[in-house]
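As structure tokens, here come the structures.
Shared between the two complexes below is chain A, which has chain B as its partner in the first and chain C in the second.
Moving on, here comes the complex of A and B:
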């Protein structure tokens, strides 16, 4: 058992990551990133390739988005639970979360290029068509429909006056009981006739349009309150604004504490993080509903948000392990982070491996068992042909193998072994995201299940987003101390015992 | 700070800055802890114990009467009908089985997460779990109609050579619940062994000493005993962790694997598990807040414990709220006519809309008061919210089961369900049985794990006092 360590033995201002030490790596990342981004831009400019590339870009974007989202999640969780162990690695969680504002830049193709979002989210095009078709229809049919309605009113009037005179003549010789019954009948008839002839019932352009849209695509019409361009843009911006505000706020508190060591900042971060968690849950859920579930607007699952969250938290923990080990290999954080921290991170990864499996199994199993046409489409596509191999691979390699590996204490406490598992987990997350996004491309683009050469685009997009984000991430590490050097819980964290 | 004396009053005021709160207040010694906890078993019970016990016994008798009446008269004395074949019986089953989740969560999951505050409440919570599962078991067994044939549920050869339907989630329930019960009993009993030995050692020779001695399995408290015990405890904790999730997931499959609108939705398993933990913690607080006052255990079950449990209730209540809202959103978004109608019936037009609002208020709105520290520290507020949650979780199961069955696809098959006095009395009777078992547990077994709670004292830390050298 090692002796009790004191924060006084640590450098007062923490450790700063010297980016000059890695300037070669940075240069390489930057040049690779820029070159591949240019290549991606060229592909985007080509009309023929644009739709194919859109899927590649979404795949790359969503992979890194979930990693950054996980960084924010761990920061929030750390603060909200009053965690002691995590202080030593919290800065890295924050750094990962800080990539969220940058991801907005990588999300710009979806906002700026109409063809790109049109290729991904088909509801946009279909909705536009549905509306314009309905408008044309309404414009050309207003007269005939109005005439038909007037004819109907005329008929109803004739019928109504007949009924009324019949009832009135009956009233004359009716008993009081019958009278009441007849009066009721008369009132009902009057109301029905008034409703038919009233101005509200007259066909208008709007009512014909709505009716026509409902006839042509009832699903899309019903979803119009959520799936419409105005609200979609609003949400798109709102997600990034909210996520950016959350992470910048917490980061700000954390960094300012480095300077003044004020304990109140820890308390404030804790309180705010508790309040932020529901916001985080809502944003995460609807972001992945918008970007992934809506790749096929007819499909739905209440578990979707939870499923993506599980993978996001898991893989970002893997990234944290890798970054941590990288920094320690460069000589940083040696006195702050011990194998006890690795042990906890390994345990959390283990827990989330199980959680991911639980969630994805539940989702699959319930859809499979109930076998309702509306829901099975998602899995039908992924259980067909080569995608089935990927599905089975996910079961074995995303769950069983890491589950068994992480059961062993040695794997969790040996940085080298835990890094291997982390790399494995990230590879699995890549496959998971690929498996969510890319199968939609085949049927969507209508060129058969396999789009020739598309995998090259996927790799290119992944490299572009990945290299540039890695560059930004490494540079951001250099800005502040690598651990919160004056956090009141730092001493507890560096003396962590499992 | 850990060495300073903290009184309950100071603890009320809250943590001073970021310092960790002590888990045992007033710097109590190990001897005090033993005396106080064993005293509950060894001393005469307070009058209040009898005041609670006798009515509970009477209610348990009512339960027995109702069941005998049911069996001797026939299932017609219940209000179940077509289409609402499940009614109160299954509502109560899911209600009780949900309550039976907090115990193992506290014992297993919080243990694995190194949440040391669990030590003061785990024993009572586990006991409560067992009694709740017993109450739960009564309902499906009698709901099968001819309950003496209930053993047909087990896959053992029977006279008619009938095999169970392994594709049915109802059968999985049998396995899930019985496994959960058995493992929970073993886990609970294993934890009791050292404390039973403590009581044995304090008893005068006689029948009492003999009985406690028998159940203490020859525990001598040696180093080897403790080492084996701790390893066994850890392994059982790891093994029972999946059970916390599996039982209510399987219960949720009873509904979600069907194609019934309002039942079939993918979020059901985690939503049910969160709801079960939610209801379970509310019941733990309902029992422990009075118990700590009656037996003077405030220094062991402190405001921090209540505070933590209130936070768990807030968290799980909000998860349940997330699931409710997600269900509504997808029912609308999915565009399935039957699904959206099912929710329309639940909320706006059906015969049971009040139940939905009660459920939503009790489960989602009422716990939100726990965002405020003063609310978590006012025991009356905590008790009030826990009562809301206890009721709310029952409403939830009623809403899921009855409102759905009463209004399914074909209007011609719609129906209405109203519980009879027999069902109501049976349910009331289970509360009597539950409370009776819990009071007997308080009377005969140590309510707090003596050995474990000593482990969280500052002086149990091998580094305790290092700074003074």
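Moving on, here comes the complex of A and C:
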């Protein structure tokens, strides 16, 4: 109030990020990205390394995917809650979310190379085997099973005529009450015999196949409605189509408002975002079920989607803090963003540190306490040997340390300190994702607990995806104004007070 | 009531100054702050953003109290469970070990007691720092003051402030834009 800032003092068309200022960095990112991607491609071409590399690539992909997903989430939340504080930083959230369509390009190895997805998601191979084995079995056993069935029908017919004549002779001297009882019995016997001899009961290739699959792998057979290749491809495409449409739509409204300042666009974004949020939740949940939970299709956790979401929102807020500080250091957004914005971003990070801990503990606690065999495998693997050290490290460093650090107001309002916490959070998120994906690799590939030397693949894949995405992200910053310059609530946002 | 007699017997509680608007009271608060008064307060029907700063209020010690209150809660729950479940009378549940590895089972109680102790510290901390509960307050004797919960914006400078002077403070309040200045007696 003492120094009320007016939007009229800001440049009329916002601030544009001049990518020429960072051309050196861009060049470096691009060359590093291309070189490491080529290296990854070479590794993918090698039959022996392909399966190992698949896990590295999934780890790198999923880390950056969760960041971009978080960008979309904050955009949606910002619009849906009609938030005033965040207008100044909303464009950055949109920019982060805009990486989602690009991530589809990085997800292509999973769709294009059968060996890659086969190495990651064993259910695909096992399902194929189960089906072909059942087909072979059905083809070779159709005759014998049909003969068996015919034999059974013959026996049943003999037995049925015996029973019927017995009942009919009994009927002759029965009282009316007994008669009704006998008639009922006869009807039941007739129905049972008719069912057995009917055409439907005759063994077919299909019925033998289904029965055989149920016998050989009941879990995979029962989950077949979800875990089948056609539906998997459909979902894979659907995730990216939906996410791309959501972010493109909101971004389009936002950018068009930069030109005409029409406040109806804000209203429309708010209304649509409320409907988009449930859709976002469904896509997020099923995407991480498909890509991470199904690394072991026998295991399941009902907290899985929200666990990944918690880490995603948290670490993308950390990325936003870092990007914001980077831009401010380059001289942008100085009049738009103040320490008050940092304070709120710090508070949101703090909230999500607690939320992450709450969700991950709930997931662990119920499984640990109930101790049911089919639920424990995930944690059994990560609570033994060196992985246990990582698990404990996550508890201490992903929760306790940032929780205590962010309790202090000074840390949240000082950009330098908040950046340090953000870097820490991102490092922890990397470890979290590593801890989710990589322990599956050794056992799945039959190479012990850890595949020796594979960590180089992990670093390489991470650098490749990271450098190229950073390059694309920085370039996308230059396209439009760095903040929504004609948003009706911009003035409220730049005068933010906690 | 004989005004002069009470005034000599007891110093007044202070001056109650009414202001026209949020903006006026905010500007005035900054001036009172700069004049160096210590015992004074602002009353308004709703919280005014940035008033803390305009009044020159520092950070409350409450957050520290709550931190230690919460920490005490966590420690209490941990000691209570650890002592009874590990040292005193181990209860074997589902074959789980009765040692520190069972700590996940303690977390819900640790969590709850942390919240409980923090909440109590907030409640009793606020009451203690505000010297509550009290049955009456000298300001309630002013008819005009009733409007603090409706549409009145007030600044009160208390008589116990070392800079307080009956004439100068009144003049000062009028000078910084008070619509009406009223002397409130301490009738307790």
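As a working rule, the second predicted complex is superposed on the first by the 496 of 498 C-alpha atoms of A that agree within 3 Å, B and C clash if a C-alpha of one lies under 4 Å from a C-alpha of the other, contacts with A are read in each partner's own complex, and residues count from 1 in each chain.
Note that in this section a contact is a pair of C-beta atoms (placed from the backbone, for glycine too) under 8 Å apart; a residue touches a chain by one contact, two chains touch by 3 or more.
Every value quoted in this text rests on a predicted model; they were computed, and no experiment measured them.
Partners chain B and chain C, once the complexes are superposed on chain A, run into each other and clash.
In the superposed model, A:226 makes contact with chain B only, not with chain C.
Contact with neither chain B nor chain C is seen for A:399 once the two complexes are overlaid on the shared chain. Measured by the number of chain A residues touched, the leading partner among chain B and chain C is B. Within the superposed three-chain model, A:369 lies in touch with chain B and with chain C [touch as defined at top]. By the document's definition of touching, neither partner reaches A:276: not chain B, not chain C. Of the stretches 7-15, 97-105, 133-141 or 169-177 listed for chain C, only 133-141 runs into chain B once the two complexes are overlaid on chain A.
Taken together, the two complexes place residues 1, 365, 369, 371 of chain A in contact with chain B and also with chain C.
Looking at the complex, you find that chain A touches chain C at residues 1-2, 361, 364-365, 368-369, 371, 407, 409, 497.
Residues of chain A touching chain B in their complex: 1, 4, 84, 218-219, 222-223, 226, 263-264, 266-267, 274-275, 278, 281, 285, 298, 300-306, 358-359, 362-363, 365-367, 369-372, 374, 488-489, 498.
Contact residues of chain C toward chain A in the complex are 23, 26, 30, 49-50, 54, 59, 63, 67, 94, 104-105, 107-108. Across the complex, chain A is touched by residues 17-18, 20, 114, 245, 249, 253, 256-259, 264-270, 318, 322-323, 326-327, 330, 332-336, 371, 462-463, 466-467 of chain B.
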